[in-house]
Amino acid sequence: MSDPLGSVSPPHRIRVRYCETDRMGIAHHGVYAAWFEEARTEWMRAQGSSYREFEEQGYKLPIIEMTCRYKRSVTYDDELLVTTTLLAQSAVRFTLGYEIHRCDDGSLVATGTTELACLGPSGRPTRLPFSF
Amino acid sequence: MSDPLGSVSPPHRIRVRYCETDRMGIAHHGVYAAWFEEARTEWMRAQGSSYREFEEQGYKLPIIEMTCRYKRSVTYDDELLVTTTLLAQSAVRFTLGYEIHRCDDGSLVATGTTELACLGPSGRPTRLPFSF
Amino acid sequence: MSDPLGSVSPPHRIRVRYCETDRMGIAHHGVYAAWFEEARTEWMRAQGSSYREFEEQGYKLPIIEMTCRYKRSVTYDDELLVTTTLLAQSAVRFTLGYEIHRCDDGSLVATGTTELACLGPSGRPTRLPFSF
Amino acid sequence: MSDPLGSVSPPHRIRVRYCETDRMGIAHHGVYAAWFEEARTEWMRAQGSSYREFEEQGYKLPIIEMTCRYKRSVTYDDELLVTTTLLAQSAVRFTLGYEIHRCDDGSLVATGTTELACLGPSGRPTRLPFSF
């Protein structure tokens, strides 16, 4: 739980689902949010935290902002690695950065960020109940 | 709210979203559940009920069973009409039937059913707080 | 088709689907991409263009970058208006801006952007076959 | 590739995504189609076939019918095992059955079926280019 700013978790593996593609033949740009989210869950777990447990204690981490830059399309059955990095942290917010690479040739597929707020059991912004 | 068994609501219009298609070039079979659900919301509203209000009163209507038979594929930007019919009703459950037709030529796209249970504020099966 | 930079289309109406919410009780942040996309389709239609026809002629408009800033959460059955604006345009790319407001009180829900590239039948960047 | 009718593949592991839950607090019923599909891909791979390769050779396997019976709800971060079984096979169609169990206590979450047709490069029903 003492992960310094900028440290990187082990990459999380994703295999593109058929339903995630669109009629352009590629993974739809909207599904990257789900991949970032899945990687974020595993990144928190690797930090020693469980997002599910936080929620069960009444905390929530809603997304304030998301960005995604699409570099190279991927399609059904492609295997990807998503890397999550802590980019910034304040008392009640933090920003994660993501990189998605193909497993086969390591090429960069997309980069993105999410800024998350911490809401406490009252529903108001509150200090993170953990530090990374 | 005195809609007899088998009565049919006004059809609900759907336009296929781009993200709902897959790389086969057609609307993905999994998205029909969302279309049935959207039609169900409007069907309940047409019966004089609001599903959102039921939930706010502590009731839930989870799906117990869903079936869908796909007759003809549709794709992005197609306009569809979804018709909802009450097929069966018991004290704590009811079954709705759906038909999806194309707007342009009226051809049948799919048929389906959902069986829903009524859970009360305690989380246990309970009598429907309304009758159709 | 002579819409000057910055002009705004008629807003597009969305009603939040049940499946678009998550266990936080609000519309999931990832679904805003679908709403922007649906609004974009209608914005193009209002400009006199059909994205579906472009695709049928072999053109594609993949997303290069998306951003979304979430201002206020929404939930199931909420009615929203999505406004689309042309923010920038070059020979082979253009950027659209979006604003989502609640229908009931007009409050701002989210803002976002998408940058789109134009690919021709060869799959290579090409001039837009239209101007806005 | 000589898997007799009724044989069962190794179960495929799924972890429920946050975006797959809805405001009832459970995985949305519509997402089970994606889980069946993901399991189906791996089942075909275990049979020695790659669905992606079939598509690249011009074949398609559209869903003709899907059913799902929901036994017990699951939620975010739950780990599930999906088992796929060949239930029936004719020249141009086959039916798969699925069972989803929780990893932790082995309890049954859902059962379902999908009937798939085989379309050849011409777009017409055709003999399966493989046998299971």
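Each chain gets a letter, A, B, C and D, in the order it is written, and its residues are counted from 1.
Going forward, contacts are C-beta pairs under 8 Å (C-beta built on N, C-alpha and C of every residue); 3 or more make two chains touch, one makes a residue touch a chain.
Since we're looking at a predicted model, the values are computed, not measured.
Where does the C-D interface recur among A-C, B-C or A-B, taking recurrence as more than half of the contact pairs being identical by residue number?
Repeated interface of C-D: A-B.
On a CA-centroid basis, which chain has its centre farthest from subunit A's?
Farthest chain from subunit A, going by C-alpha centroids: B.
What whole-Å value do you get for the distance between subunit B and subunit D if each is reduced to the mean of its CA atoms?
So the centroids are 23 Å from each other.
Using mean CA coordinates as chain centres, what's the gap between subunit A and subunit D in Å?
That gives a centre separation of 27 Å.
Suppose each chain is reduced to the average of its Cα coordinates; what separation in Å results between subunit A and subunit B?
Roughly 33 Å separates the two chain centres.
Quick check: what residues of subunit D touch more than one other chain, meaning two or more?
If we look for residues of subunit D contacting two or more partner chains, we find 18-19, 23-24, 26, 28, 30, 33-34, 37, 55, 76.
Hey, which residues of subunit D end up touching subunit C in the complex?
Subunit D residues touching subunit C: 18-19, 21-26, 28, 30, 75-76.
Help me check something: in the complex, which residues belonging to subunit C touch subunit B?
Subunit C reaches subunit B through residues 15, 17-19, 33-34, 37-38, 41, 50-52, 55, 76-77.
Where on subunit A is subunit C touching in the complex?
So the residues of subunit A in touch with subunit C come to 23-24, 26, 28-31, 33-34, 37, 55, 60, 62-70, 73.
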